[in-house]
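One structure below.
The chains carry the letters A, B, C, D and E, assigned in the order they are written, with residues numbered from 1 in each.
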Amino acid sequence: MFLGRIIGTVWATRKDENLVGAKFLIVRQLNLDYSEASNFVVAVDSVGAGVGEVVLVAIGSSARQTAFTRNKPIDAVIMAIVDKLDIVIQQSELMTSKN
Amino acid sequence: MFLGRIIGTVWATRKDENLVGAKFLIVRQLNLDYSEASNFVVAVDSVGAGVGEVVLVAIGSSARQTAFTRNKPIDAVIMAIVDKLDIVIQQSELMTSKN
Amino acid sequence: MFLGRIIGTVWATRKDENLVGAKFLIVRQLNLDYSEASNFVVAVDSVGAGVGEVVLVAIGSSARQTAFTRNKPIDAVIMAIVDKLDIVIQQSELMTSKN
Amino acid sequence: MFLGRIIGTVWATRKDENLVGAKFLIVRQLNLDYSEASNFVVAVDSVGAGVGEVVLVAIGSSARQTAFTRNKPIDAVIMAIVDKLDIVIQQSELMTSKN
Amino acid sequence: MFLGRIIGTVWATRKDENLVGAKFLIVRQLNLDYSEASNFVVAVDSVGAGVGEVVLVAIGSSARQTAFTRNKPIDAVIMAIVDKLDIVIQQSELMTSKN
């Protein structure tokens, strides 16, 4: 799963018939310090998440393993809302080589 | 799903027998301001989309979850036509670190 | 699917028993002006394609949705031979931001 | 599979109903010298791994092939804890071209 | 599939119960001139390949389509050992634009 923040919504009235009722959310990928990475995906919500929330997104066939998304042409699903990150090992402790 | 714009068509008469009737569209990936990213995919249309339209594309096994694409060697499908994007949180509001 | 050109062949006599008879082709990814991108994949042919031809390649589980590739450890298949690209919208028409 | 180190935990009380009991771990990808690469994933543990350990992560539908993850919206699983790497061929022995 | 060279082994005694007996090999991706690319994967062997050999690797669900890997949390498999590459079209013949 990747970490992201919901920043908006995609409106699409013409879509596959199985997608009626789907909520397409724009999720920008986050780094571990909550800064935004440059890429985003459009994901379907399965947990009642809203704009501004930090979430986990599952992609690929795993995105179809929820009650709403099963057997639908959906390749990204929001399956958890993040309360907090508990980062025990900081990057500086381990990094010795330049990346 | 990713956001893209249909910019053209691929003509292919010799193809897998299950692909007869498939419409191969060239979809260039879009950024959130509708500017074009550098990559593109060839996707099959399942919603009657045409050149110039902004669409959502599902990839992988999820691309086979439509009536037309099921059980076919297709890894990208256009499953929605975008009316508009509603971006509530601008990147500048959240970004504090350089990316 | 991605656009590619077949540039050669991989010879492999020791392989999974279900791969006997598979033709492994080296496919270099192409840009829309037919210039070559830097990456390549090894794909199995399902349409009688040969070296020099421009083709479409499907990857992942979709690569197993042909008569020959079904249930085999193959993650890329050539499923169409391209006659021509019909690019209606040029990148310069749409691009306003630097990418 | 990719090589990674567990550096922390994600807390998420609101999640898909099938994910109750899932332990979401933050895994940073490692290079072969154990230095950290820049990307990370959130993976579910299936082997009792803990923070600081070096592990293997399987992604995609393969992440659902464990007793705990089956049929769940999970796209990354920790399926092995690494004892050691035995690198026989050093990169300097083979590399002649600039990468 | 991608082209790689086996450069070492991963030892992991604590792993998913279905992975007992799996041989985890470190495979560095190769360019067409056999120089090494910077990325690597850990793959399971299904063809008796050993360190130093040039191989093909299938990833994703296709990695589970061998007798040994079926239904296991494995996302990369060595399914062929390469005898030789027969590259008919050199990049210099086709390239006209800078990549």
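Note that in this section contacts are C-beta pairs under 8 Å (C-beta built on N, C-alpha and C of every residue); 3 or more make two chains touch, one makes a residue touch a chain.
If you're wondering where the values come from, they're calculated on a predicted model, not measured in any experiment.
Steps from subunit C to subunit E, taking the shortest chain of touch contacts, total 1. For the pair subunit C and subunit D, the CA-based superposition corresponds to a rotation of 145 degrees in steps of 5. Our note on geometry: subunit D versus subunit E, Cα centroid distance of 18 Å, whole angstroms. The centroid of the Cα atoms in subunit B and the matching centroid in subunit E are 29 Å apart. Touching two or more other chains at once are residues 60-61, 63 of subunit C. Annotation: chains form a contact ring; the order from subunit C, going to subunit E first, is C, E, D, A, B.
Within the complex, the subunit C residues that touch subunit B are 1-3, 32, 46-49, 56, 58-63, 65-66, 69, 77, 79-91, 94-97, 99. For subunit E in complex with subunit D, the residues that touch the partner chain are 5, 7-16, 18-19, 24, 26, 28, 31, 33-38, 40-43, 51-52, 60-61, 63-64, 71-76.
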